[in-house]
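Before we start, here is the structure in question, set down as structure tokens.
Labels for the chains are A, B, C and D, by order of writing; each one numbers its residues from 1.
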Amino acid sequence: MLKTLSDLVPNVFLAMLLAAAAIMAFATVNALFLVWLERKVSARMQRRYGPTVVGPFGMFQTLVDVVKLLSKQLISPKDIDKPLYHLAPIVVFVPVVLGLSLFPIDKSFALVDTNVGLVLVFAFAGMGFIAIFMAGWGSNNKYALLGAMRAVAQNIAYEIPLILAALAVTMIARSMRIADIVEAQGSFPYILVQPIGALIYYISAVAETNRAPFDIPEAESELVAGFHTEYSGMRFALFFLAEYTNMVIVSMVATSLFLGGYKGPLLPGPVWFFGKVYFLIFVMLWLRWTFPRLRFDQLMTFAWKVLIPLALANLLVTATVLKVMS
Amino acid sequence: MTSDLHKPGAALAAGTSADPWATPPADPDGETYYLNMGPQHPSMHGVLRLLLELRGEEIVKCEPIIGYAHRAHEKMAENRNYMMFLPNTSRVDYLSGMIYNIAYCQAVEKMLAIEVPERAEHIRVIVCELNRVSSHLLWFGTFLLDLGGITPFLYSFDDREQILSILDRVTGSRLTYCYGRFGGVTEDVDKKFLDETTAFLARLRGRMAEYHALVTDNVIFRSRCEGVGVIDRETAIEYGVTGPTLRAAGVPYDVRRAEPYGIYDRFEFDIPTASGADNLARYYVRVAEMEQSMRIIEQAIAKIPDGPIMPEKALKRFKPDVGEHYFAVESARGQFGIYIVSDGSDVPFRIKLRTPSFSNLACMPDVLRGTMVADTIAILGSIDIVLPEVDR
Amino acid sequence: MALNGAGKGPELKEAAQPALIKKAQGAPGTLSEREEAQLMAEAEPFVRFHLLEDLLNAARANSLWPLTFGLACCAIEMMAAGAAKYDLDRFGAGVFRPSARQADVMIFAGTISRKMGPVIKALWDQMPSPKWAIAMGGCTIDGGPFKYPNQYAIYEGADKLVPVDVYIPGCPPRPEALINGILELQNKIKAGRRFKPSTHEGPIPIAKAERTNAPTGRKVKG
Amino acid sequence: MSADTSLVAPGAEKKRGYLALLVAGFFTLLSGMWVTLKNLFRKPVTLRYPRERPELSTAFRSAIDLVDFEELGSHDCVACMQCVNICPSFCIQVEGQKYDGVKRKRATKFLVDYALCSVCGLCIDVCPTETLKYSKIYDEVSFERDAFVFDLLEPFVEREEAFLEGQRIADAKEAEEKKKKAEAAKKAKAAVAAKKKADGGEEAEKAEKPKAEKPKAAKPKAEAPKAEAPKAEAPRADEPKAEAEAEAPKAEADAPKAEADAPKADEPKAGKVDKAAVEAKPAEPKPKAAFAKPDSDAKAASLARIEAAKKRALEKKKQAEQQAEGEGE
């Protein structure tokens, strides 16, 4: 039987407090770890060492970076749209963190459990680009604005195949509750049933998180730093934090929908769960450090002409097969 | 389109005003807007500034604004004697500094009719071609960096480091060589140098397979390059575009073959050309050129004779006759010409450097019209400009 | 830092500094040692959180993000320093930020032309403090090889535009020199930003680098 | 072309269907990922700099330094100013002095501003006594702007007295020998001249002149390996060459030709200018001011210059002839 935090802690407020603390701690530590991992993995792929000086294997490098960013001057440029500019880093961060709470990490535990878990996750994830648009619009910078426009177009385009691919899975599992979907994957994960769906989901997920080769909103060589060109210090760090947390969330969704979540032989559930999540993240890093970036219109073409038709076809085939089998 | 910003030179005036970031006012119709790309921009290869008029992400007009790397190289030549201009040459184009350095020596040798010993000629060919390969490798890396691929950049730099350490063995410098002297070179090469060079060629050929798997065949790379930034034959010839950019448009013009200098007429090599005239064609030509350079190096190593590296009587101080001399070589970016006007004194009256990057950049407004912002970066990367060479 | 004594800090500090600077520049001693010590003590922040400050300085020192900003030849060596062979990232300084807002250190890599001067100033102003500058190569120290009488095109030194922390000579300096410069900058940051009189006196011998009689490749006579 | 580097020329591919292209494209992505994965498990190529030091090549170029000759027990800078004059960056300052009893000049000040240097090596090329070399500095940094003015004489200061003492003895010895030789040479020359005069006309004499001078210069050189005992013998071998060349830089483009005849013992004129400038501003090497500044816009000016140059050349020729005649007598 799945237990949630409110089952374990009777007091609602205490439960909320605990959940918030746990999520924040996880998001921060995870982002610190991921940035370090990314720098290390990329370094090794490029045949260098990466951070080595601070801590063992440079482990505390990102911690040091964050402390530095915290102590940096916060610059607000001239003629910005103040509310949007100041709110954007918070708006990008909060919903992303909320999404973290919805995943069962073991057979018997999830922080929050609702029967529309999947919908909530996508809803939270979809708010990210609003923040990006706020940042780009509010910055009074043309590069930021270009980045923001790209981000909006990209997110709208890629959310469709993302959800279509997830929809096929929910049709098979006949539930939107994440725990149910995981449970429904009896002896084999859905990636075997839905290989094309999984691929479409994963590609769209990488695009959703604005990671290379789909990182056009912050395309460094084109738009300087894209939507966060004008952000300094801690505000910039929040964007960073959100990006890495977002990576975790889409990987968690992929793990739950296609890889069987916490299921696996021998080892305990959380190990399997996080193992799969971090493997998917590793693949994301791997992609980023291998490929050049797509052009903006090619990205759109790819979404509308390849991914969406494929996802629709996939959905159609799934529905037909399900109907025939039942 | 009535505002004065559409008059020629309006943007340039904006660039030179007291406010360094000044741009022309926005289009009154609200259709287009201006974007300053550079001088500090990650993919401007230094300090180029492009003033782009954009409609959405489409480029309506592009005006390159140069001069941010102006160091008065040509003026400096008028202030010092022929010998003292030597270190400047390798700083005009620091990526193929060796070729420029040797080219200047050859120009002065032509002016003074100095015989260069055989061994020195062969050494010059080897180091110049190594330098060309290193320049192309750096271009390969930065081009991919412009396209968003970071790892190929580090791989190519790894290979480039090998060349640098080989050249370091004889020249003592890593980047801005001052290896040539009038009549020869400063240091003799030893057997180890030749062995290392041969070993490096083998290694680079092995690495090429990796590069092709990682980059050349990559579908994203191809889609970013194919049909993008077409500098066709006519445009190229009109603007005086040379080098790989011209050869990618199907014109097999290479100074090494068209007007052989040094001992280039003794080597067998092909002039790779392509017909696409787009980014991919330029990529293809450069990669194929690396192979040709390697062929030349191999032949030079096989043929290198023993002997002196400087003429018997080293030139110390001289006064050339009154006259004008032009000498051109094929640098990594195209035709590099040196035009020397001598008034009979030991100081050149005028040295004009015909640098390929300047002409190659000149066609940008034509080529960039109608492309996207992302393509701008890719095209600029593919023609391989070096800014101090543009500004001199 | 914001931790300066709010009440009496600024006035005293302003009074103290010029005298000290004068002394540092070698003017005849205007202050006795005792007075100087007193002034120094008063110029110190009112409240000091030593541990916090040290921690912050250590963090800043180990996370120097340079601005992606190349001017000329030295920029290639800067790129080489960031590449696999030298790997600036080992010291946490390999995160080249394209936007000045997110950079900590500006590496002047190349000749600063007159036209580029105002741009550099603008970039420097865009960087959030605390920020540092490294002058890489002869051109940014005092004009380098491009300095000659009546040179009209360049600024003879980066310090004509912004305060420079570390100077790296060479034309161009090897990547090792850039790394050493960053390490020295780290030491400087870790030591805190206390006012220190200059210790530099006139020309110094090459002695710091080992002076060898080893053959230099050229024929040594005899 | 070898197979490894063969590329499909753009446009040469066959057109394929939509799905086939997609699948093929997907596989090219995988092959790229395989490359990076392979590299993930290879050993890094990084040189861990502060811990591992680079191996500098034998030709490594850096700021210049003075060679410490073993047989001299010191450097051998004669303050001929050739390096100062050839330096394109004006980063060298040299001052010299003549000491009693020592034949040649000795450098009393040798500063190099590494921040200005472009490591071109021209100074090392022109050095007549080959006392300049590249130092092994490669990672020097400083917090101070002017910390890169190197004083090359500093390590030699203590040994200077001893060197001068030794040099005095050696010079005295050599002067004696030279005197003897000069007498012998004079006799021989006189004999030859007499013979020539008897044989041919004046023209023959003129032709003979340069030839006669050559062996004179070459003689001490040839003797150098023989006389090894005196400490200073070896470097002195180059002495005549050094003096001859010290003359050359004097001939500035615009300077009147008459200066070429200036007394040999004095330091060259350009050096003097330099010295004065240096005294005014000790910290900064002041570039010499006497530049040829061509008037770039006016064609007339150019023509005038060319005319002047021709004139100078003529004058020079004349002078040389006169000189030859004068010495002949």
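The working rule: a residue touches a chain if its C-beta (ideal position, glycine included) is under 8 Å from a C-beta of that chain, and two chains touch if they have at least 3 such contacts.
The structure displayed is predicted, hence computed values, not measured ones.
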Co-neighbours of chain C and chain A - touch as defined: B, D
Most widely separated chain from chain D, with each centre as the mean of CA atoms: A
Return the chain pair with more inter-chain C-beta contacts, choosing between B-C and C-D. C-D
Centre-most chain by CA centroid is B
Rounded to the nearest whole Å, what is the centre-to-centre distance of chain C and chain D, using the mean of the C-alpha atoms as each centre? 33
If you average the CA atoms of chain A and of chain B, how far apart do the two points sit, in angstrom? 43
Round to the nearest whole Å and give the separation of the Cα centres of chain A and chain D. 64
Give the residues of chain C that touch two or more other chains, as numbers and ranges in rising order. 83-85, 87, 90, 98, 145, 148, 171, 174, 217
At which residue positions does chain B touch at least two other chains? 41-42, 79-80, 87-88, 91, 151, 154-155, 158, 161, 172, 176, 187, 214-215, 218, 220
Going by the contact rule already set, what residues in chain A reach two or more other chains? 43, 45-49, 220, 224, 289-291
Assign the assembly's chain-to-chain touch graph to one of these shapes: line, ring, star, complete, other. complete
Chain C - residues contacting chain D, complex: 84-87, 90, 138, 141-145, 147-149, 157, 159, 164-171, 173-177, 179-181, 183-184, 188, 198, 200, 202-213, 215-222
Where on chain A is chain C touching in the complex? 39, 43, 46-54, 58, 61, 64-65, 67-68, 71-75, 220, 224-225, 228-233, 236
List the residues on chain D that touch chain B in their complex, please. 1-2, 4-5, 7, 9-11, 24-26, 28-29, 31-32, 34-36, 39, 45, 57-61, 86-89, 118-122, 125-126, 134, 245, 248-249, 251, 253, 291-294, 296, 302, 305-306, 309-310, 313
Residue positions on chain D within touch of chain C in the complex are 44-50, 54, 58-59, 62-63, 65, 67-72, 88-90, 111, 113-119, 124, 130, 133-152, 154-155, 234-235, 283, 287, 289, 291
Give the list of chain D residues in touch with chain A in this complex. 22, 29, 32-33, 35-37, 39-46, 48
